[in-house]
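Read from first to last, the chains carry the letters A, B, C, D and E; within each, the first residue is number 1.
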Amino acid sequence: MSQSNVRKTRSWLLFWRGNDSGLAKCKTVTFGDPAAVEGGAAYGVLSVLTVGIVWQLVAMAQIVPPLFWPSPGAVFDKFVQIATEGYKGFTLFEHLGISLYRVLAGFGLGCLFGIPVGLGMGLNKFIKGWMDPLIEFYRPVPPLAYVPLVIIWMGIGDGGKVLLLFLATFSIIVISARAGVASVAIQKIHAAYSLGASRWQVLRHVILVNAMPEIFTGMRVAMGVCWGTLVAAEMVAATSGVGWMVLNASRYLNTDIVLMGVILMGVVGFLIDMCMRKLEQKLIPWKGKGRG
Amino acid sequence: ADLTVAYFPGWPTTHQLGQDKGWFEQELGMEVDFREFDTGAAMAAAMLSGDVQIAYSMGVIPFTIAVTQGAPLDLVGIAVTYSENDNCVVRDGSGVDTPADLAGKVVGVPFGTVSHYKMLKTFEKLDVDLSSVRVVDMAPPDVAAAMTRGDVDMGCGWEPALSRMLENGRLLVSAQEQESWGLKVFDIIAVNREYAAEHPDRISAFLSVVDKSTDYVAANPEESLSTISRQAGISEDQTRSIMAKFGFPKRDEQLSDAWMGRDVETFIKGVADVMQANGELPKALDDYAAFIKPEFYANSAAR
Amino acid sequence: MSELRVQGVTMTYEGADGQPVRALENINFSMNQDDIVTVLGPSGCGKSTLLNIVAGFLSPTAGRVFVDEREITGPGPDRGMVFQHGALFEWLTVGENVSFGPRMAGVDAATRLASVDELLQLVGLGGFRDTPIYNLSGGMQQRVALARCLANNPDVILMDEPLGALDALTREKMQTLVLKLWQETRKMVFLITHSVEEAIFLGSRLLVMAPRPGHVVKEFQLPFAAAGLSADPREIKSSREFIAVREEVLEMIWSMEEQH
Amino acid sequence: MSQSNVRKTRSWLLFWRGNDSGLAKCKTVTFGDPAAVEGGAAYGVLSVLTVGIVWQLVAMAQIVPPLFWPSPGAVFDKFVQIATEGYKGFTLFEHLGISLYRVLAGFGLGCLFGIPVGLGMGLNKFIKGWMDPLIEFYRPVPPLAYVPLVIIWMGIGDGGKVLLLFLATFSIIVISARAGVASVAIQKIHAAYSLGASRWQVLRHVILVNAMPEIFTGMRVAMGVCWGTLVAAEMVAATSGVGWMVLNASRYLNTDIVLMGVILMGVVGFLIDMCMRKLEQKLIPWKGKGRG
Amino acid sequence: MSELRVQGVTMTYEGADGQPVRALENINFSMNQDDIVTVLGPSGCGKSTLLNIVAGFLSPTAGRVFVDEREITGPGPDRGMVFQHGALFEWLTVGENVSFGPRMAGVDAATRLASVDELLQLVGLGGFRDTPIYNLSGGMQQRVALARCLANNPDVILMDEPLGALDALTREKMQTLVLKLWQETRKMVFLITHSVEEAIFLGSRLLVMAPRPGHVVKEFQLPFAAAGLSADPREIKSSREFIAVREEVLEMIWSMEEQH
């Protein structure tokens, strides 16, 4: 057995037991130590497997009709079928693409307007006072409640759907950009002015950059909310999109497609969040590393 | 509640008189709860969960879809017939004068409903190529709103939204003409099969109260109108005009060949085939007779 | 020849309860090239307030401040700042932090690069130009702060407890660096500290302040800063003269302190 | 003019100009100073007034039919009418009460299960590994996508509605409780053990209390999300509730009631958040005041 | 008579790159009632590791630790801890923090109350029983930490840089308090510090440690702690004997330090 082989086995074991470093072994206090719960991804594999098996067993036992409880196999078949043949005129890939396009459009517009407004609110008493009640008021309104109004006001094009997603993004981005401005250490501002920076340079090179971690956190939250609002948006007279697919399938009592759609949305939402995290690490490596 | 009945909001039917007068409770000797539902699909889903035992005025299409998908539901009667209260409206100024003009236009219709089916059959009859129009899935009130804005050129749906659509549009094809093609439109009374098997007498009792209500409405039209309009949540004028176009077949008529005796089964089979052809349903059943149970209505007179 | 002149500066804040807080009362002093002035005093005696006024972040209730006869009305690149911590830009590398001032002034990249390398050499951070700021220890970060402030070639360097967050050993090394920079660049330095030893060791002049209202109690002229680089710092600090001054200053401070 | 009169005028002025303390006047650097935007509530009054006036003017100009743009007066009339006469068998107050009951039930259950699960995940590698993928997966699924499944599985009682709100709450609370555990300074744990505390006492008196601020923040977020999910929940065969009222009114194209409902939901959502903030200040006065 | 005995303690961590880090190598010493042992050494020489082993938070790779012949396997109320900061419970008042230990042990409220008042008096926080912890200054918080640890009546008090986060003046006062508590309660004290002066002033014995691997270089027996309360601390620190020790220790430390 070669040296590298040993190491491999060992690191696999480490993964399994949750990467117990030498340290964990010498600690006497583990209950309450946050470091003690690191790792343990292997249990996750177990848990997913268990859920899958239980699901399949219940389906096989036929306790409930497949209409209520489609088997994992049936759901997977639907996935393959819709991925290859499509659903109501669009392939699964196209449905996903259309939904992603809407989410990205609403999200992009929300960022485009939200960041300047948030920065303005963080920097200027007048803008803050003016915008504050409007945002505070519309923020807690459920997006779904707008749907009837959005149809009346925006019609049935992609405009209405994007508006809904825009509204969902906007307030979150505004609030995070504003918090980002508020979080700037006054010493940084003072230092920049003392180094000869103009107001515009302070805004561009200190305030905006300093607010980036907060803005990015807001963007991650907003992206999640957007994805959660997608189904509501696609209630608005859509003919495509994964959200619409789920709603439409439910009209035809295609529980397997509904379940497939739900799982798909979960997986895609999870992947989006992962990408955003990676992006964050790449774009904002200094996050959480400032000293006050 | 001991018994929960699903119904459509804004849909003025005679049973609402019995509902208002408490006849159902009296006749069945138990608490009867009436629940609003948006769509027949939602009614079917709720019946699957077991929380709803009877659906009054479920659309034929959702029923067909549900039983084709394996839902244990049965059809026990016809709730209301309404060819004129469910139709397609062409918007004024949309430039659609003949069916051929529909090519490239936008049509709003609630998918998986009678309106949808009617539209498909009408297109078939008028030789409109389905792939040449853009069909959008929308609830009737949304269709009405979108038509006001000019976003859709033709909209299909039922009352009360249909009246709204007609405010700035006209019918594509009259109901009489559609009926002459054999295109009936009706809502049914569906029951949860298991429940009906356990309590056949309750179903029959329920149906007898429906007929009693229909009789009362015929005898006291003005009083009934105001009661029903209140129950349905629409104005008396609307109630009057909608109900004028409704038909409420009673027991003997329902049991005849025109309905449960023969035609309903043929109709449902036809619906299922069309939907299969359009890819709305994976596979139509060979035979829908098993889902039609006239015996409950038949027994309702014995009470 | 640069000169900094503080003339009759008085500062009254509005306290939380609406009562006026007399943070400074009629402060007068001036400093010239070659002066390194240290300021010592108990918490709340107005040290930071004075520094902020000189820096131009606050305008005093009364009085004026001049640098070379120019009256100060706001912050400017003629007065460089070094804070205790938190003033470096953690999103920039060491080199980018140091060249921030020149970049804002529009100096071209090549010129900037040359001066950055020179400055980093000066503060003993030769190979760290491209290191992210957050990978440095506290002491190294303060070196960057010093270099950044020198990059603008200011007339005065203002420091508010620049070494306050460092551990004792690092602090001793940084004291030597401050003296070295002062002697090599011949800039005016105005330095606030809480450490009696540091104030005596680094100041060619030492202002001792007292609170309520903030005022200068006594000024010392001290020889240690001038000697600091040539002799061993620890020897200086153990010398009889040093200990004598220390005793005197400590006596003054203990008599003022009556808080926990 | 008496002394106290002067003071009153003065503080009113302060409010108007945004509470400029003596300090703000002596600061030379205001652009970029987060403290410089404090106050300014008066502009908020202005902004609300402006919006109201523009709304009324557009309505009066009759540019768009009232179906699209009901006047503020009409909306207010509806409010009064529904508050006194009720809507479809329930007064406005009852609709609100039913909605609040559902939200509180879902939220309460979410907290009841979420806090122990979150604590468990923060303390135990096994629980963490097991639950993590399940929560990460269901979290990004839009609640609306569940609606068809919830009807089939849970029926039309309040159970389904509460389940939806529970799901919305649960993941947020779990994540915040877990973060709360992770945020405990290891010195506190060590100190507690050194003072003779048992594991259970450490859990109860240190870990749980220490996690309270984070849990409470999570609760505030969850409450907002619950309120935002209410309309989706009340799509499930409801006959009452403000969310249902909005949906139901939209079926009859009663835009004024829809708008009234939207505004009401905004206001109530805002009030709930205010109450939660007050409660937080009262229950967790030490929030943000620890020293690492 | 209490005794603490550290026997052949060795500690090897697994470093980030998988290489072993020899934090401690064969440490041996014992301390008795009346001892106040201070530990001094450059960053990373294993001071905290040693203290954590004695406290029972870490079990050593080799070697054993005894308190009065009981072997240590985990934390316990016989060894009280004072950390640099962050170990007080900010959700409790001063009094509740101090009585935390007795409360966990099930002591009834009345008894607790009496001892809390006594302890607060001892550390000079008489009227602060019901003040929230977060309203206190850093120095006052460390007084609470001392009182909290005394409330359990431990055999040893272990302190890891207890005064490291305080400003110079507060620090001097707290040094006096530590000496006072040591003399009044006659407990063993084991105190880690970065300040050479503090280590010499407070330790009846001083261990100087060096890194790679962590080991004790030299032990000093010192007279200053015993005298600390009767004479003026500043006088002691300026005495010839004190300065001589200080020079010796500093010499040792500077020769070890080769980092920034």
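Keep in mind that, in the parts below, a contact is a pair of C-beta atoms (placed from the backbone, for glycine too) under 8 Å apart; a residue touches a chain by one contact, two chains touch by 3 or more.
A quick map from chain label to UniProt name: A, D = ABC transporter permease subunit; C, E = ABC transporter ATP-binding protein.
None of these values were measured; they are calculated from a predicted model.
Asker: Going by the touch criterion stated earlier, list every chain that contacts chain B and also contacts chain D.
Answerer: Intersection of chain B and chain D contact lists gives A.
Asker: Fewest touch steps from chain B to chain C?
Answerer: 2
Asker: What pair of chains is linked by the largest number of C-beta pairs in contact?
Answerer: If you count contacting C-beta pairs, the leading pair is A-D.
Asker: Counting in whole Å, what is the centre-to-centre distance of chain B and chain E, each centre being its mean C-alpha position?
Answerer: 83
Asker: Roughly how many whole angstrom separate the Cα centroids of chain A and chain C?
Answerer: 47
Asker: I'd like to verify one number: the distance from the centre of chain C to the centre of chain E, where each centre is the average of its C-alpha atoms, in whole angstrom.
Answerer: 33
Asker: Tell me, which residues of chain E touch at least two other chains?
Answerer: 57, 74-75
Asker: Residues of chain D that contact two or more other chains, please.
Answerer: Residues 29, 67-68, 148, 152-153, 190, 192-193, 206, 235, 250.
Asker: Specify, in ascending order, the residues of chain B that touch 2 or more different other chains.
Answerer: Where chain B meets two or more other chains at a single residue, that happens at 45, 48, 141, 145, 148.
Asker: Name the touching chain pairs, please: which are they?
Answerer: Contacting pairs: A-B, A-C, A-D, A-E, B-D, C-D, C-E, D-E.
Asker: State the interface residues of chain A toward chain C in the complex, per the touch definition above.
Answerer: Touching chain C from chain A are residues 185, 187-188, 190-198, 201, 205-206, 209-210, 212, 284-286, 289-292.
Asker: What residues of chain C sit close enough to touch chain E in their complex?
Answerer: 42-43, 124, 137, 139-140, 164, 167-170, 194-196, 234, 238, 243, 246-247, 250, 253, 257, 260
Asker: Applying the document's contact rule, which stretches of chain B touch chain A when the two form their complex?
Answerer: 39, 41, 44-45, 48, 62, 65-66, 69-72, 106, 108, 111-112, 134-138, 141-142, 145-146, 148-149, 151-152, 279-281
Asker: Sort out for me which residues of chain C touch chain A in the complex.
Answerer: Per the touch definition, chain C meets chain A at residues 55-57, 74-77, 79-81, 83, 85-91, 100-101, 104-105, 132-134, 138, 141, 148-149, 152.
Asker: Which positions of chain E touch chain A when the two form their complex?
Answerer: 11-14, 20, 56-61, 73-75
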